[in-house]
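Labels run A, B, C and D following the written order; every chain starts at residue 1.
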Amino acid sequence: MSSKTARISTPIILVNFKTYLEATGEKSFELAKIAEEVARETGICIIVAPQTTDIRRIVGGVDIPVFAQHMDPVGAGAYTGHVTAEAIKEAGASGTLLNHSERRLRLSEIDSAIERAKATGLTSVVCANTAQVSAASSALKPNMVAIEPPELIGTGIAVSKAKPEIITNTVSFIRQIDREIIILCGAGITKGEDVSSALKLGTQGVLVASGVVKAKDRRSALLDLVRAALEKA
Amino acid sequence: MSSKTARISTPIILVNFKTYLEATGEKSFELAKIAEEVARETGICIIVAPQTTDIRRIVGGVDIPVFAQHMDPVGAGAYTGHVTAEAIKEAGASGTLLNHSERRLRLSEIDSAIERAKATGLTSVVCANTAQVSAASSALKPNMVAIEPPELIGTGIAVSKAKPEIITNTVSFIRQIDREIIILCGAGITKGEDVSSALKLGTQGVLVASGVVKAKDRRSALLDLVRAALEKA
Amino acid sequence: MSSKTARISTPIILVNFKTYLEATGEKSFELAKIAEEVARETGICIIVAPQTTDIRRIVGGVDIPVFAQHMDPVGAGAYTGHVTAEAIKEAGASGTLLNHSERRLRLSEIDSAIERAKATGLTSVVCANTAQVSAASSALKPNMVAIEPPELIGTGIAVSKAKPEIITNTVSFIRQIDREIIILCGAGITKGEDVSSALKLGTQGVLVASGVVKAKDRRSALLDLVRAALEKA
Amino acid sequence: MSSKTARISTPIILVNFKTYLEATGEKSFELAKIAEEVARETGICIIVAPQTTDIRRIVGGVDIPVFAQHMDPVGAGAYTGHVTAEAIKEAGASGTLLNHSERRLRLSEIDSAIERAKATGLTSVVCANTAQVSAASSALKPNMVAIEPPELIGTGIAVSKAKPEIITNTVSFIRQIDREIIILCGAGITKGEDVSSALKLGTQGVLVASGVVKAKDRRSALLDLVRAALEKA
């Protein structure tokens, strides 16, 4: 792993910027700066996942791990319009989300992308929509699996409160296959108590997007999540 | 399970008709008839997987299990142009291949399609291109997993001879996750000895396509495979 | 063209069975029989588009044109799980829908599928979601283009009443490119007056699905549409 | 259009960096610098299309039009892992390729992406694999259409020499639909004479990738192409 991924510690707050205008271009840099400050003040590991166009700029000015939101399972060569491990690594990313519910991949593509991530020294986080899919994802040996029931994404109804059994099943299924892999959960996370529940249920962190990106006070929203993580850390 | 799937026993010879003209329409029926005769004479379980257009006709005149080659993870409703579990079940199929290397599915689609197959009483066979993908597939709890390295498909170079370690890895990885699931292997299978090797390596059967469909004497080609299975049965 | 496609005359009522249970298996045959009777009694051209599994059976007992709902742009060979022109032709279909909003294709795939349909003697109907896409589709020289705004599909709000400008734009754009191609419209068609409006706006027929398939009295529903077409014929 | 797209003039040399390592990161900047120098010295319009991760950096230091290689037909919002018009515009791109043969799009996606490009002030270049697809693409009203037979891409056998009839058909078909649209051609372009042929056949420029990116002397390779364009300019 690169030096930046080495800095990853649990619990993890991973902030997905999606393609929100509130986290595009200059605004993505501002949000990453806030995340860096909160991470430094609290010691909690915050990872940001901006759009591909913004990776290099954020890495240039912010000292926390930066992940891509997606990576294609192809390498250098005649692959017009694809996002390669080589490109995001060169831009400074230290990891990538894979198979987010808004960007689903074929099973064989996830396998291939994880291999490419490993070969390039990138941390891979496979997103999954069910406990079974989480288990299957863990069998591919990524660094992390993130369970996110798509029906709760963007609702503000936290998966850790509304569907705790999905998380406990995910943890249980994955742990039968892999003892070490980091398990995150996401969907509807907006408050500190959502993070507390998630950690209590056996995960090592959360994925959050609109709950921070579209918050009126983004620093406060992030701090609220981080403080809940601190209790556990 | 339906009465037809109940008749499935190992070892299994699963013949994939693909879209070969030699196994389309009237010719698909003739080939299914040959498979039925060989199955009856030898007692070995032969499953045929014709094109969707030919399922009903074959089921109407041939008394061996008939599988679809693919099924979409959608149900009855406004899904123009899709192949549903309900439709292939109604046509008489008792199972389906999923995620063949020529028809790859997203991970979440495979999970959903397996659920639909179960709910409809269809046997599901997930195809996988690597040992890792095989393991991941088994975590989704289909009835069978078939390992098929795509680079050997159609070559006549049997996976069980050319890449035995892929099969042993697949068996080993899957057995850590599931003790019961039926494991098949395919790609390049044309001769009885390919089947023998496959079974010795720990699988419960083979997937074969051009090796039978495009053989000069299809009955002989199939008999050769079945005799090798008989030794093991 | 085959003898069956030769029987196509305008105006056209094309009934898409989708994957509705009310039009699957035995029920698809019953519905096709109703369509045949109404077509014979009135002389209006009714085309049915059942699921692939039901094509052969309907063609075997019903004497009206039968279309597939989708066709893949691949031919005979190693294409597991695909629907080829050869297969649906052999099953007795005389045409196919392409690019339905529930089964969108890549531009190059539509081009290739039209070529395959022509080579096999199948009538091709490309579905389009906007007037621009309709114009683009007509440049690929299929036999018919069907404009269907997806937001109205299944609503019962007829495109010909709710968005007449989409139809007039479609007709205008297409006619600048091709004088001959048959233009259909669909989405929300349930009543005779929807057909009348569609024909007055310059189309040569309609695509209808739930308006007939899910009607309480399917024969009456179809007759209502056909009578409106008769006035124009 | 933005001030940068306003600077586009024909004939055009569009250099697609694909995901070649020779045009990734720092090396993409170097290649863009070479393109800028050649453009300044000769007055010929050279457009570069680097990977998304490199757009901002190149725009920051190089004063020629920079295009994305691909753009998704989605906007700002919950679209994890997508490349939006807003993001590439904000990064400084003034246009985008769409539907490259290595990144094919659905017909409806091309239509939607062109709309989004227009709304954002980005120049759109739709790539097409046949003359029919070129005509269809022009009906969608992008700013440019680029005909590229995929079988010649990367071969060094120039489309303008090997298949001139594809280009003349493309020009003829498009001009029946649109008098103004800029027509490019690509695939196998490596030498000045390939550009001369392309322009003589009625195009307004070329798409080139490996012919420049992987040339031993990239400046010389580009100059060779540009000089041929100069004769025509």
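Heads up, the rule we're going with is that contacts are C-beta pairs under 8 Å (C-beta built on N, C-alpha and C of every residue); 3 or more make two chains touch, one makes a residue touch a chain.
Keep in mind it's a predicted model, so treat the numbers as computed, not measured.
Touching chain A and chain B together: no chain.
Among the other chains, D has the CA centre that is most remote from the centre of chain B. Per-chain Cα centroids separate chain C from chain D by 37 Å. Centre to centre, using the average C-alpha position, chain B and chain D are separated by 45 Å. Chain centres here are Cα means. That of chain A falls 34 Å from that of chain D.
Among all residues of chain D, those that touch two or more other chains are 101. Chain C meets chain D in the complex at residues 99, 101, 104-111, 128-130, 132-133, 135-141, 173, 176-177.
Every residue of chain A that touches chain D in the complex is listed here, in rising order: 16, 18-21, 24-26, 51-57, 68-70, 74-84, 86-88, 90-91, 97, 100-103, 153-154, 209-210.
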